[in-house]
Each structure stands twice: as C-alpha cells, then as structure tokens.
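This is the structure I want to talk about, given as structure tokens.
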Amino acid sequence: MKTESLWFIFLNASLINNFVLAYFLGICPFLGVSGKLSTAFRMGMAVIFVMLISSMAAYGIHAFLIWVDAPFLQLISYIVVIASTVQLVEMFIKRFSPSLFKALGIFLPLITTNCAILGLALFQTNKGYNFIESFVFALGAGIGFTLALVLMAGLREKLDFAEVPVIAKGVALTLLVGGILSLTFMGFAGLGG
Amino acid sequence: MLFDLLKKNPTFKHGIHPPQFKEDTRDKPIRHFPFAPVMIVPLAQHIGKPSVPVVSEGQEVTRGQLLARADGFVSVPMHAPASGVIKKIGRVPSISGKMVPGIFLEPFPGSSQEVLEGKPVKVESATPEEIIAAIQNAGIVGLGGAAFPTHVKLKIPEGKHADTLIINGAECEPYLTTDHRVMLEQAPDIIMGVRYLLKATGAARAVIGIESNKPDAAENLRKHLPPDLPLSVQVAEVKYPQGAEKMLITAILGREVPSGGLPIDVHAVVVNVATTAEIGRLLPHGRGIQERVITITGPGIRKKGNYWIPIGTPLRYILEQAGAEEDINRVFMGGPMMGTAVSSLDIPVTKGTSGIVAFRDEEARKKDQKIYPCIHCGACVDACPLFLNPSRLGILAKFKEYHTMASDYNLMDCFECGSCTYVCPSHIPLVQYFRMSKLVLRNEKAKAPHV
Amino acid sequence: MRNVVYALLPIAAYAVYTFGLSALLLLITALIACLLTEHLLNHWIGKESPLGDWSITITALLYGLTLPPHLPLWMVFVGGVIAVALGKFIFGGLGYNVFNPALVGRAFIQAAFPVAITTWMAPFLPDRFSHIPSSTLTLPFLKPVYDITSGATPLSLMKFEHRATDTYSLLMGMTSGSTGETSALLIALGGLYLISRKMMNWRIPLALLGTVYLISTVLHWSNPDIYPTGLFMLFSGGLMLGAVFMATDMVASPITPLGATVYGIIIGIMIYVIRVWGGLPEGVMYAILFGNAVSPHIDNLIRPRVYGTGKQWSKS
Amino acid sequence: MTEETMEKAKTEVGSFKMFQAMVGIGILCALAIVVTYQTTLPVITKNKAEALEKAIYKVLPGAQTRKNFQWDGQKFSEADPSDHSLKDVIYAGLDGDGLLVGIAIEARGQGFQDAIQVLYGFDPEKEIIIGFYVLDSRETPGLGDKISSDPGFQENFKALAARLDNSGKKLEHAIQTVKHGTKSKPWEIDAITGATISSKAVGAILNHSAQFWAPIIKAHIDELRTK
Amino acid sequence: MESKPKGKLAAYFHFPQGDGLSTDEFIKGLWRENPVLVQVLGMCPTLAVTNSATNAMAMGLATLFVLVMSNILVSSLRNVIPKQVRIATYILIIATFVTVADYVIQAISLDVHKALGAFIPLIVVNCIILGRAEAFASKNGVWASFMDGLGMGVGFTFALLLLGFIREILGSGSLFGVSLFADSFQDWVIMILPSGGFFALAAWLLLFNGLKLRKKETQPEQSREEVLI
C-alpha cells in the first residue's frame, strides 16, 4: 500500500518540510556557512553528495541489521558506516579529482557528523522507504538544504551592507531571517497532495 | 531632407535629459573680455607633467611669448596670455583647493596686446610629425574639459590605426554654449583644424558630431563644407552625456570603446570642436594658445554671454565684470554636471575651463537636499551610460569596500558623468563617492611597492 | 513616496465603503501600530524619526489592506509591530529591508492566528456602518467570536467547491476577501497612476500578471474543468494588490530591468503553483516573500554587460 | 632529541595498542547496549502493543482482542503480533466471543503539512467504516490537528459507507470530503471548517486505502474468520 | 597534575586542571559558558524539540544523561585511549549512551519518544557532547568531568526550557501540558511552528545581547560589537 509518489517524496523533503526550515536539521551549517554565497553553494553541493552516499549506506545497513536481527545497533552502525564511507569517498576524490576535492573536499569531514546527514538516515528508515524512495528522499533533502543555505547566503551578503542595529548583529539576525524564510516556505504546504 | 526628418538621430543607450538652460547665451556672440589687473598662470593646466618656466621674476613678456616649456612628451608649453611683467613665480591657488606651482603676471594697462607670431606650419607641406610637434608647441590641450594634451592623442601608437576623426560638437552639458558659438562663428577655423588633424592622424574621414538642439550650427558647418575634404556633419540625439567621447563614438560609429581602452582601439580619434578651431587658427601663424571661449551664465550672472577670456584671468575678476549677483553661493567651473564647484574665487580660468555657472541661494538649496538611504529604485542603473550599477557601487562605497567596487563592479570604468547622481531620488552624491573611491584606490596603488 | 499613499487612498476608501466600520478601525489600528513602532524604535537607538519619508505609512496601509476586514484589532496591532520591527527595523530601516515589511507582518499573523486570518466577512452588509463586528473588538489575547455573516473568498470557492466568480464582481469588488484586495479595478488604476508618475517599475507587475495569465489561459484551454480562466486568476485574491503594490517594493526586488522581469515571472509561477496545486487557496504573499529571498541572487546573476566589455569589445 | 620529537615519540603508539583500545571500548559499549536493550525490550514491546491495541479497540468498538494478518498478495496468514516490522498487516478485532467485529487498517497519505498516518476500522459485514484514529500527523495545531480531536469530525466515521460495487473490485461510491455542513450521502465526510485541506486529505487517504483493502477483505473474509 | 589556576581571568581562559572539588566547572555551564545561549552550539535540538516544555525537559535530561556519562567514561579512559583513535572512540561511547537513553525513554513513555522523534538519536551528533569530551573530559579527572558534564547539561536543559516555556505558553496556552488560561485564550500557533522556534531563540539572544550591551555601555563602539554572539 503506497500513497506517496516519488515526486511527492521529493517535494516534501526539499520544499514542504525543508530539512533546515521545517525539521531543524543542519542548523549549524545553516548558521555557520551561510555568510558567503560561494561557500554556501559548495557546502550545499557537498551535502547533496554526502546525503546520497549516506542514504545508500544507511539503506544497506538497515537491510543488514534486519537480517541479523540487531536493531539496537542501528545508531552506532549508521554513524560509523556513514563516517567511514564519506572518508573513503573523500580519499577517492582526492586521488582522482583534485579539483573536485578542492571545491568540496574541505567540507566533507565537517558534514559527516552533522545532524542533517544522520537525520536523513534515520528518517528514511522510520518512513520505511525502499531504495529508490530513499534515494529521491536524499536528493530532495540535499537540494532543499542547498536551497535554504543559498537563499540565506544571498540575503546575508546583502545584509552585510545594511545598517543593522548593533543589538541584532550576528546569530540573532541570521535566526530572524531564518524565521522569515521558514514562514515563506510554509507557502509550499500541501503541494503535491 | 524629408527623409532626414523621419530618420531618428543616432545616440547611445541610457543617459539622461536634464533641462538645457542654453537659451540665455546661445544667441550671444563671442565678445572680448578685458585683461585683469593680475593674471594667474598655473604650470599644470593639463593632464601630464607640469611645464617648466623659462622666464624669470621681473621679466617683461609679450602676449603669446613662451612662459614655460613642455617637460617631456605628455606635457605642453605655456604662453603669456597678455603683455606684461612677471611678478612672481611661486605657488598659485587652484581649483582643487591646493596651492600649485604657477606664475603671476601683471599686464601692462592700455597696451595694444598684439600677439607674437611664431614659425607657421603649412598644412599642405607639413608631415604628420611636424603637425603633432606644432600642436604641442602651441600648448594645445583638449578644450572639451579634460585638458589632455591633444598631440598625445594624435600620435597613433605602433600597430594601431585611425579610420575616423570625430570632431566633438555635442556640447551636452547644460548651460554651456561655447562650442555652439564656435561652430557658428569659426567654421573656417574648424575646417582648417580638421585638415591638420586628418593629416596628423591619417584618418580617412572626419565627422562632426552635433546634438540636434543646435540645428543652426549644423546648418552653418554644412554650408562651409569644402568639396575636397572627406568631412561630414552628423546630428545626434539630445541626451546627456552625448558629448562624452565613448558615447559619441557609439552614436556615430556604433562601436564600443573597450573597457580600459582608448578610442584608438576602435580606430577613432575624438577632438573637441573648439580644440579643432584653435588648431586651425594657431598653427598657420605658429602662435601659442593664450585665450579661450568661455560661457559665463547661470541665474547668478547678470551679463550672461560667451567671451574670449585670457587664460589665467581670476574668477573673482570675471564675476565682477560679468555682473554677478550679491547672493551667489555656488559657482561651477565647467558645467553643472561634469564641472567642479569652486571653493574660492581666487583661482584662475585655465585651458580646460569651458564655462562658469553661478547659482544663487534658491537653486543651491534644491541641490542640498537631505540624503536618504538607497531604496534600490534602479533609476541610476537606467541612467548610467556605461551600464554600471551605481546603486551597488554607492552602497559598497558607503561601507568602504573599494576593492570590491573595482574588481566586481567596474568602478574604474565610471567616467564620472554624474547621471546617476542627477536621477537619484534619495539625493545620494554617488559620483562624489566614486571619485573619492577611485582616489583611495589610486593612492593605495601609488603607495604599494612596485613589483 | 507620497504618491504611493495617494494611489492607495482610493483603495482604502472603497474598502471602508465595502466593509464598513471594521475596515476603518482596522486601517487606523494598522497605521497607529506601524507609525508608533517605527517612531519608538528609532527613538530608542537615537535615530531621527523617519516618519517624514512616508515609507512606513505605505507599509502600514498595505499591511492593513491585506488583512481580513474584521480581524481582531489586537491582532492587527501585533502584526503591525512585527511588520516594522522584524520586517524593517532589524535590517537597518528604510532601504535595507530584504523582505517586504508589510508581508512579513501578515505572514507572521497568518502563521500565528491561522483561523482568524482565514475567516472572511461578506461585503456590503446592510448594517456595516452602524454595527462593529464583535470580533473586531475582541480583547487582547482572546479568541475572536463572530457575530456577522461570513463570506467565502472567490479563491476558496474555487479551491474547495470549484465555483468560479464572474469577472465583473471581481473587478468591482463585490466579493469578500482582504480589506483592500477586492476591487481589482481600483488597484489597477492606482498602478497606472504610479507608472505614469514613474514611481513604479512597470516590468514587475507586467511580467507577474502576464505569467499568471499565460499559464492559466493555456492550462484552462487544455482542461477547463480543472483549471480556472486567466481572467479569474488575474482579478481574484490578492494578485492585483500584490503585483501592483507589493512585488514592486523596490528595496526588496532586483534593480535591473531584466532582473525585475525574471523576478516577476518567478513570483507569477509560484503564485500559480500554490493556488492550483498547493494546499492553500492563495499564495501571493508567500510567492512575493520568496521572490524577495531570491532577488539578491537575481541581482548577482543578471547584470547588464558593462559598456566596452564582453567578447566583442574586449581589448586585444 | 628535541622536545617535538620527544612529544611525537610519546604519542606514537603501535597499531596493536590502538586496536586493543578500540576493541576494549567496543566490547564495553556492546555490553551496555545489549543489557539495556534486553531489559527495556519487554517493556517497550508491551507499551507498543498496548498503544496499538488501544487504537484498534477505538476504531473497532466492541473488540476485545486482536489478531494480526499479513497479506502476501494471494492470501492472508496470521502474523506474529509483536513483530512491528512486517508490511501489509491488518488487524482483525474480535469480541468477547471470538467473533470478528471488524478489521483495523493502517493508512497513510499526504496532509497539509506532512504525511498523515491513520488507523480505521472496517466492518466487512455492513461494508462501512466504523472508526477512525490518527496515529501520527504534523498538521497545524488548532487547525489541521482537529482531525484527531474534533467530535463532529469523528461522527463521520460511525458509519461511513464503503460499499463495493457489483464487480466487487472497487467501491461503489468513492469516499469523499465535502464542505462543512453539506454532507448528504453516507459516503461523504463532513469537513471541519478552517481545516478543509486536512479533512480532504483524510477522505483521500481512506478512499485510497479502502479501494484497495475492501475488495480483498471481502473476498478473503473466511481466512480472517478462521479459528 | 597542576593545581587549578586562581582568579577570574584564569577561569575564563584556562580549562581548569586537576580533580579539585570545585563547583566552578558546574557553574560555568549554567551561564558564563552556556552552550546554547553563549556558545551557540547544539542548535538543531534546541530549535526542534522546544515546542513544549515537556519535550524540552525530556530532551534536556536525555542530553544531560549522555553528557555526564560520556564525560565520565572518557575521562576515566583518557589515559588508555590512543590519541589517533580518540574521536572514533568518543563517538562510539556517545552513540552507546544515546542508544541507551533512546531505549529508556521508549520504555518510560512512548508519547514523549514520539514527540521527540528522531532527535534522541541525533544527540549523537550534538557537538556539545563531542566538544566537551574533546575539550574537557579528555584532559581532566573524573570528578571535574562529571561536574563539567552536569553543568553543561543543566545549562543546556535550562536554555531549552527557556525556549520551551515561551513557546508552549504562547503557542498552546499551557505549561507542561497543563492549561494555564481560560478556553478563550487565543493560541499563537506560530510559536509551535518551526518559524516560531527561530523567532523565540532570536528573541532570547536579542535580550542577552541587550543585557551585554548595557553592561558594556561605557566601552567604545568596536569592542561593543565584539561582545555579541
């Protein structure tokens, strides 16, 4: 019995329930790496990439844990396997595409232990998505994350040249803009339903 | 002719339409101006190296006599604007507010003021090099405002060539009618000047570009066009800054001068009409430049008009003679768009001064309106003839991001036409910001150790 | 900017005529809330009071005009404070607001009090000038109680019952809806006035309305049973008010002509998507806020080619 | 030796020691997890079963016990009630006498904000839906979340028609949500004012699910009635 | 081991050494080095689960538990764990305690577990915990690490509760599920929506910024900006 189409899974993860703006996953990069557009964009690309990898890894682990009947190892194995997979991929990229590594590489180790990645793995398991669905879910989540980060970065670059009152400078301003963005994304509610 | 009426005059994109205010003086023939009791001759009235004095204090000089020689190629000599005695060689006040090297000259009262003749250069026989040297010796600089030594411009660099000589008679600046009068009264001089220039540059043809608000000037020049000269008159749309050489080139030739490049990169040389007339007048007699036509106008002037004014005449004297109102509080050297508001009346007119515009209280007050923050209305973007983003540049300037301005937003391309400032509803003095930003960057570059 | 106020006044007057005393009180409250907040906040940080530049009056009027007419006044007040404090002051005041302040205020109210802001009153009630609806005067922090005939907006009729309203009623403001959105005709006239005074970038409304009209006409033609007509889409809901007065807030929109056009198209598409495929009957507010968020990127990506640059003119 | 190299020598440990430490800690951790898991598992299983049963009894008034059945595409087979990982499971609710009261079915679909997960009771005898319970939703509090609390809305599911048509392959009338106050047919759901979207979502979820399950359950009712 | 440096300044800039029975390790996490309000760490759980005081409390306590336990274990094993694998080991230890907490909460209340959703397992990646393990527990004794974990955990819980309080009171008109006002109270739904989380946290930060600015009023402008988060 399936009622969620792939299209809807994608829309849901990217817009309606945007990982950052509705689920509050990956807030740290959202606050920390959204200062400059170029960085934000590369970070977003790296996140999409890592999300796809971890989604596939998590799918495999979950199947394996069901098979050996050890659900209690879920969390530990997710974090360990995701971290090491990303590490491997990082080494691989470093070896075969130094330019790609330069663009994404520095972000990879940082992202690995961020809640958006682990959250993605946990959500796809909780929602019982199959392999394809998981993949689409990860893609949507990554694109949604990038969208939020890039929109935020554009706004912050603009606000760098604004006479922001002293009291609101820094994280507070970023949070307020995040709140308004989150309000904006509420407009997507019910899409694809 | 009917066909001409249907055809739209060529022009460039963007730009503005400020009110012209030319009615007051455009019908006033050029008249001579009396000599001031003291003349002030700065040694650097042009872009480039200052000239070097060849006279000494107390020496008597004749009008047109060499006062200072050129110091190198990018420099021009200075000639005596009047017969008189050298009072002092020292520092003289300048428009920038700083004291600069210069000469004080006291004209002999009541002298006939005959102009000294030099070695004539005949257009038929002279080589391009000789013409260029003669232009330098005549002390000629761009009279269009920039005061760039004209001979430098005419020396076509190795590997480049000029195909069109554009004579700039646009005079898009409000209030000014100098070039207009020159085109009405000195057509033969202009034609003669074109002959010299064509020969010097090797250009195949010459075009006189005139804004359509001066039909009489175009008519007059067309009447004088000699059949043997590849010279034509092109009427262009009335739009500021049509007279900027880049815009004129675009209007007439449809070419764009590359960013950071010069007109010669698109095979054009642009010379102002008054400069051309001066060349045509001085070279056949081997004379040096000692006076120029200046429009004196504005609401603060009673005897508005166009005058031959000896170079070095102090501003205060000019205003006295022209009957300035008591309450003038803002005087522009040049037009109100490109010109500079003077901070002192003790400065002299120089070779680059094309107009003097004096405003009274009310007009000035309108200009000093409160500055609001940029509201992104886009008016400046729509006005900038170079397609820059003055709004962003202005914000960056406010936050002192000068390097970003230059690297990401082409600050250095801005030619300070002031169109953006003119249209800004928030009264942001954008062009001032840009001038200052460029200055900061230039100083920084000068200070940086050479690599 | 005073011109914008002039353009809004007829709309406000007609709103009061349509919805009566409650609309009048609502607009007054919105003005008081916004002006007071602006004044006090600027006073607090030692800035000169900016009421003289009229921008906050525009914000207040627009904010008021986007609310349902009998919204409790205390909610109107809260939203007004938020509009100014969160939508404008926190970014540095005039010229720096990255979002449209009026819409920030409305979006806040819509998320905070979703029931109240989706309850509509019928237009032209006979006792509208003698009776103040009980909901209008609800005490602060209390839920409104409604004692008047409620109405359904043309868009919710379309979304939930699939009934289209005729164009004449939409143009003349015979429908229920937000205080100032009902008469498409007056709004369009106000827009033309502003365009004629060069106070407005006409490309934005043109691109926006054109996009909505084009998409809806094509889809209506492909399946008239599901998709409403272009004219219905144009004149219903807050589209006109948003396209003419709110998407055009230049502070939060792109600066170049092409950028403005792209911005209008993006907002237009998003409005159509939310209205037709989304959960909510109306999406103008969200679409414009989204457009505001995208506009720095539009300005970054769409820049006019600087004179003398580009392949053709590069110095070689 | 410089201080730096000394420092290095001190921290440089053999891979064996690293391995040793990791394994040691790994064992410690495994121990902690397994112990916790074993001690909490019975409680958690009981809690979960209770929660589910509570929901089942809510949507199947009169039921006192339940049996899980798994559908494998061909037939129903009884499933382990404590195994929560199985798919396509439905719950048969039995009364005190062991007679079938109805079938509880889980269904899920897009609501206003996120997926809504519901459990509903289907009476195969009368071909009506007899109960409805929201297992999980993220609908707007105060608006969409009324689908789980609004008493008027619950009224809809006392006897919501889900009758099969003559072919027995699909419902005779699709279950449909109508605007508040306009319900006139037994297969219609009366929406909640202000939460029309969520109400419609519920209708769509039920319709979608019932279109699938009702024919199967009707056809295989005997397999569910056995024993 | 050295004894702890004395003086206020030293307390700011040094991680205290030794097993001194000081309460300073505890106090600092509450306020001066509050992980959320001062260090702006662990933002995701802070925003995600504070739409009611109960959730905030549960999340806070679960994090507190993991923090304290992992601090204890890390500090007692600090001489055994080789430097190269320390991060991996910490993650292992933390993940273990999170799993434990996850099951315990499930056993206590399924409703709370459902409300917190995936955020219990996500404690694993909460940087506060790894941060304390790395910055404090790996260098200090068991008792000090215990106090540090307790202080940070309580500070975290405190910050979560601050948010949980305003969000639940305004958003649902209740506190810990107990209705505070009459039925006619109008809930501010936004406060329990995601955007409300952003706004509520921003509001607290603005308040703290304001307090700090007031304190530094006498100082010159640029250093005033520096004190802001």
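Should a chain be cited, it is by its letter among A, B, C, D and E, assigned in written order, with residues numbered from 1 in that chain.
Please note the rule applied: contacts are C-beta pairs under 8 Å (C-beta built on N, C-alpha and C of every residue); 3 or more make two chains touch, one makes a residue touch a chain.
None of the values given here were measured: they were computed from a predicted structure.
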Other chains in touch with both subunit A and subunit D: C, E
Most remote chain, CA-based centroid, reference being subunit A: B
Remotest chain, subunit E as reference, centres from CA atoms: B
A-C compared against C-D, more contacting pairs: A-C
Gap in Å, rounded to a whole number, between the CA centres of subunit E and subunit A: 23
Inter-chain centre distance, subunit A versus subunit B - centres from mean C-alpha coordinates, in Å: 60
Separation of mean Cα positions, subunit C and subunit B [Å, integer]: 51
Whole-Å gap separating subunit B and subunit E, where each centre is the average of the chain's CA atoms: 69
For subunit D, residues contacting two or more additional chains: 29, 33, 36-37, 112, 140, 142-143, 197
Multi-chain contact sites of subunit A, meaning residues that touch two or more partners: 72, 76, 163, 168, 173, 176, 180, 183, 186, 189-190, 192-193
Of all residues in subunit B, the ones touching two or more other chains: 373
Every chain pair in contact, whichever chains are involved: A-B, A-C, A-D, A-E, B-C, C-D, C-E, D-E
Subunit C partner contacts - residues on subunit D that touch it in the complex: 112, 140, 142-143, 179, 194, 196-197, 200
For the subunit C and subunit E complex, residues of the former touching the latter: 75, 86, 108, 111-114, 116, 138, 141-144
Interface residues, subunit E side, partner subunit C - complex: 181, 184-186, 188-191, 193, 195-196, 199
Of all residues in subunit D, those that touch subunit E in their complex: 11, 13, 17-18, 21-22, 24-26, 29, 32-33, 36-37, 40-41, 43-44, 47-48, 51, 136, 140-143
Subunit B to subunit A touching residues, read off their complex: 373, 395-396, 398-399, 401
